[in-house]
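Chains: A, B, C and D, in written order; residue numbering restarts at 1 for each.
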């Protein structure tokens, strides 16, 4: 069905319809401001009280030539009146700014879904740029007309017209088209435009000191909104009621932001200073961007010459007594391997953030994946275990960032914080924590020697945790040397003694296993025993949880559980696994957690493994699980 | 018992005694030339027809201050009239050049074993240097006198006396003490001194043009031999008959040499040129030392600025059409991870040698270990499988080096050649292969395009092997670009297509699995089914095989098998595993092969895991196996 | 040495079938055009040319040139280029990549390829920013640069790429500007002809994240005052009226006016000597706003043999001395013994 | 600024309990002695000093000094040192390591720490060989060096560490010799006092694998002809009879005889100016056998703020502007909304 402006002007009465949730996607050229548009829609919906979940999808190119398919940028948000965990499998409504975006995204829209199109960009020239055959106009394709509610709007023209007397140049005016589109969507879903008006005023008028830019954007936004109202393109208007979230104060937060806040909080809870060393890499760079703005929290950021320098500086900062962090993505982890191995030998605390992206090699840098788990477990010479934690959602990043430091400090061992592009870039509502309720992190730097009769003993361990003391430069009497050669336990001297070597190898592993005593047990959603356990980790939390709900709704005995602690595993993991006839492990890799589980627990776990540079569709997970159950 | 020269001069008649095999160890200061001495004894024994197996044990220090325990250098050789696989668990005879060497090595000598000591070095000053308490002389310790046949010989004095009129300086003369000691041992085991005389002449007189040095060394050697004969220190003289080895021509070979020869042979068999790029690191440097001497074989060696440059140059050399190799040890593999991942994406053939050493981090660089297996399997971002082979003994290096290239070229995928310090430095007799019997390695560089109507298709695969074609610069019409971004199958263009990504991930893994079709099945020594399978890989071959023999001799149903192909595994591995009630995997790591086996075959394999920087004692393996069997 | 057997190639013969994906207005386009124009003039066959890059916007370069190409990993292009030449010295190898790639993560390989004098050409597209990762400062960014990772301004003193190249004993060093197409072509041709490592820094505009970084040197109104053209043996003159020049003062250079009424003549000015490494260093240090910045060939040393030639010479020499290696003899070398049936 | 509250320390206070494990006769011993002697003169507390090294014989250094110490990984000492200073600018940080470590695998970090002007001291123990891995050539080995990995001689033109340091804009550059204990002490003290990166190259003899590499510069008979001592503001004179000197010729230096009968006076000679970077480059290029090699302080620039100070200044400034960060406010920043009971 193609809804034309003409058709709309027949003035059918506009109905209201309530929906539980809606997934909407904004797509256009990289220069079209789709990320900002989607972000605004998300904030507004969050402020309205919906539960939200987002998925931005950038191209690898910064700003590829306009109109090409590889220059398409997208932003999807699901907003809901119930608890949701994913940005939605299928798009209910899509805003399309040009043919390239149409071409690359249309297949994801549900049958009968709304597609609002900037028809002014659907020109011959643009069809050619994105590779449509000559003479073909997708808007005229009957197949599409049958499948979707396509609503062409001459957005470019209308925006220009509405801003004609602003006195601004065409280039600036054309940049407001996204706000015009957003206005339409706000009207369609009955949202207030106020938060965006405030945002535009704050950003352009206050921070960038360009009030005229704020003005035309606001005007375009309003024009779009009024256009929606007056043009009556839509026979219905949709309402999505606020969600019944847990009581409290909320904000929208992305994984990157939550991680930064978590680290700052961890440092505050320990009375420590943060030092972040990193080298830019997508999608981890956001972390240094956030932290470098927190200098008034004493946070030091060091943009190193490469990833190797960054891990080395991090180790040194830890030796000097800071809460030290380095962050990167897969290729950077590879470069840091040697350094991480040394950090483990030094037995110093620090956090190494890996925001996974689709590999291997350079791979698809702007896409997500979960395939660095085994690299993080084993990617170092010899036996070099480190702690590994993995946040499961954007807001969970806050807690796991704190946990990373808590564990690292307790065991005096580096901790890898294994996030991914999906979590880091995604956003959801975050129930603001009560800072006072967060346990302090206890740090004790020794100030007097543990060996009055001789040199200080840097490897004399705490009998409970097996951690060595963290004596820092500046402390008189505790001068000592650390090094990567095998060291004698207790004294820390270089040692080639065979038995000591074996003992040290075992001790370094045991320290980590002992952390299982203080990490929370794995919790299960659904039946405590039964047919199937869907076990996951990391960014697939949303889809697995939703799939579990759906399967239980269908009457199946399916539980879900999500591992946020990977090395060590929660103590009760073996027990949990043994309570189900079948264990299924969905991962965006070829079966990496599955390998660890099979080895450790001799459980014949089955994998659901997708590697498409993006998260699971809930429905695919449901179908695959059913297929396994019916084998 | 302490045998003094006086005692000997009582002229008891010298008996002859036949032994099946003897393990002898030469120990002294790094400056004492023990490696050369041991090497000479080995060559002589090999030429005599014994089976041999050696284990050199260097200190990490180049030449630590004389007389310190950390400056002790050792060389152990077992020579035998039967087929042997290890340098021996227990030392039957030891030559000791100073107190530090005595202190660090005496415990390894069998009860009643012969200990020939250079008593001139057993001075107060030297006792202090190696940390013996004041006033203590180990040669006077009754405990030791009871445990061993200690034979003090004033080697320094006798050497000086015998060379007094050589006209050479004391420093040069003192350097001949090791030859004096060797002479004694030659007499004791009834070996000819001729091979060593020839060696000394060749090395010093011919190559280094110092005939006077050759002369004094030869004289010292003879003096030692005659001293053995005339002083009659020993009531018996031992004979070890030649071994019944397979018919053919033999030479003694170390793992490093065999690897170099294997690579040169592989290149010759393929009509290719070798390019080796590496950065020095113990114990891998030997490889560049050997290969850089083979320039007349067209071999190019490039000492790069670091390991990263070396892997990158190797990839480029492969792109340019060479048989390209890089070699390193664990820390270097860590640095090469990113490059290996790229090589895998490029789908180019090359061999990456990892001569494992004891880690983690810098660890104990001169000691051996098998703990890089998982690093080699998984130490790269995302899913980046590569081929892995592992030689099992010094002479096996030759064949596996050829196999590495054969597989790499067939699948167009990098191959890691996983050796270790024990294999690389160890030596054994090598039955010289019939060069004509070695299968040629077929290489086809395309010369005409596979797509006459458009650009060349660098990723159009061979349907059988899934390998892509290896088109090289210089070939007109096949110009193409390789890169680390995900590529479209067939065209090789950059692609962000989700399905293509998954397909490429799977194809790259499948290519490797398909090699299982052409690799030999795993062979088993011992019963084809039964109680226990001892499964190993790499440098533990000798001890596991010997332990298996011993256990079967004791009447147990124990088989052994050794994996030389690790990715992919031999096709029949699952079948072999299932034929035994218990699978035991001894490894010099914490259970790395075991993890792969448990995951893949759901076999509850049990590990015997030592991490002492050295190989297994056969007897320990036997005992541990029995303990597991009796559980 | 144009080879008459060579087909006559045109810029479009070096144009691959891939769409160019840089941002509109990016300075990389101009350099791409220049390279495509220079390549046909080298007397080389297409199939003997390899373009190598690391990672970054600039590093996409190889995809757009229809020769052999390697888009490698971040910072390592020089190591790949070295491998290519070790393996096949007859290839014509080009590195085209960005300031972050070549000088931040890749600085060591850059320094080593230069000091080894591997016979390749490096084109540095210096936009003083990290383009591909969306706008962090780079090692050539000026002190105080405000970027996403340095909201209060960067605190790293920038690298001077030319000084570093001189310090690394690079044997050909030059500089040009993206939009000065003619100069770029000329200098690039000189770089290409050099036997040994050539290094060409190109001031390149990143239209998105560092627009106008080079405006002082590229704008008609200012460039005569802020830059000057080097010519071997010629005096160093600049200024809109060509009345200013550089004169030696000890080992350094100073700005002077010359000509009528100044008491300074052209002959008093420093004359460029491409073969003088000390002068090259001094020139590399001249920086806006205190000095005009030199453009063109700063240093050239044609006397040193390239790394790969020496490597292959050793192989030839070894073969000459020992004969072509005999594999059977090699295997049977040293002490051998025979085990025969009876035993 | 000697702090009167400081205990008076002696060389032996800086001697750790570890046995020194270098080969007998190794040049590293002399440098160790010098360092132990210099440290008590810096007015620093033992516990505020950190020695950092990479891997190699030289890199064992930290074990032998009784301060805090880090024996790290091959080539990365400068990155560790930077991390220490970022974290705690009050530490006195020393890097002591070898030519392979600092210039082969570690060249990039070396260059970056120098250009950032991190306030640390680098002592390069240059023995022109890889000691610990048993004698392969290093990046400072002379062309044609025969070693285990280069049986026909090396084919890499060596790096000139001083030129590279100048090209990297290091702010203090000096050179000395292991066995010239007095000179070594003096120069080391100057290096230690410098605020910013100081780089001291020490000619060090590897007794085992490259013995006598520096004989020309260390032997009584030759050293007056092959080396000369730099002094700020003083003419450059050398020779057993102190009758030779260096004179400017364009931007370069030439050897001349001076004094009676030569027509050249002391005043004609080039005078050393530590603050002239161009001169520093020219000096760094002087090499045996064509020139005597300069010893002492080649370059010194005390005007630039160090990296870590600027970093901490920004933090102070941020706090001044925004007040000490309030965590609660940070968390509650931006748009928030409240979900209350009823819903």
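What we mean here is this: a residue touches a chain if its C-beta (ideal position, glycine included) is under 8 Å from a C-beta of that chain, and two chains touch if they have at least 3 such contacts.
As the structure is a prediction and not an experimental result, all values here were calculated from the model.
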| item | value |
| --- | --- |
| Listed pair (A-D, B-D or A-C) duplicating the B-C contact set, over half by residue number | A-D |
| A-C against A-D, pair bridged by the larger set of C-beta contacts | A-D |
| Computed distance of Cα centres, chain B from chain A, in Å | 47 |
| Centre distance in Å when chain A and chain C are each reduced to the mean of their C-alpha atoms | 39 |
| Geometric centre distance via CA averages, chain D-chain A, whole Å | 44 |
| For chain C paired with chain D, centre-to-centre distance based on mean C-alpha positions, whole Å | 29 |
| Residue numbers of chain C (touch at least two other chains) | 55, 73, 104-105, 107-108, 112, 139, 152, 156, 311, 314, 317-318 |
| Overlap residues in chain B, where contacts from two or more other chains coincide | 70, 295, 305-306, 331, 338, 342, 361-362, 483-485 |
| Parts of chain C lying in touch with chain A, wherever the complex brings them together | 19-24, 55, 57, 73-75, 104-105, 107, 130-134, 136-137, 139, 148-152, 154, 156, 208-209 |
| Chain C contact footprint on chain B (complex, rising order) | 43, 46-49, 195, 242-252, 261, 264-265, 268, 273, 275, 277, 294-300, 302, 304-306, 308-310, 312-317, 319-322, 324, 338-339, 342, 432-433, 435, 454-455, 473-485, 493-494 |
| Contact set on chain D toward chain C in their complex | 104-108, 111-112, 115-117, 139, 152-153, 155-160, 163-169, 248, 250-252, 273, 276-279, 281-282, 285, 304, 307, 310-311, 314, 317-318 |
| For the chain D and chain A complex, residues of the former touching the latter | 16-18, 45-52, 55, 62-63, 66-73, 76, 78-84, 86-88, 90-91, 108-109, 112, 311-312, 314-315, 317-319, 321-325, 327-328, 330-341, 343 |
| Partner chain D, residues of chain B touching it in the complex | 61-66, 68, 70-71, 279-282, 285, 288-289, 292-293, 295, 301, 303, 305-307, 331, 361-362 |
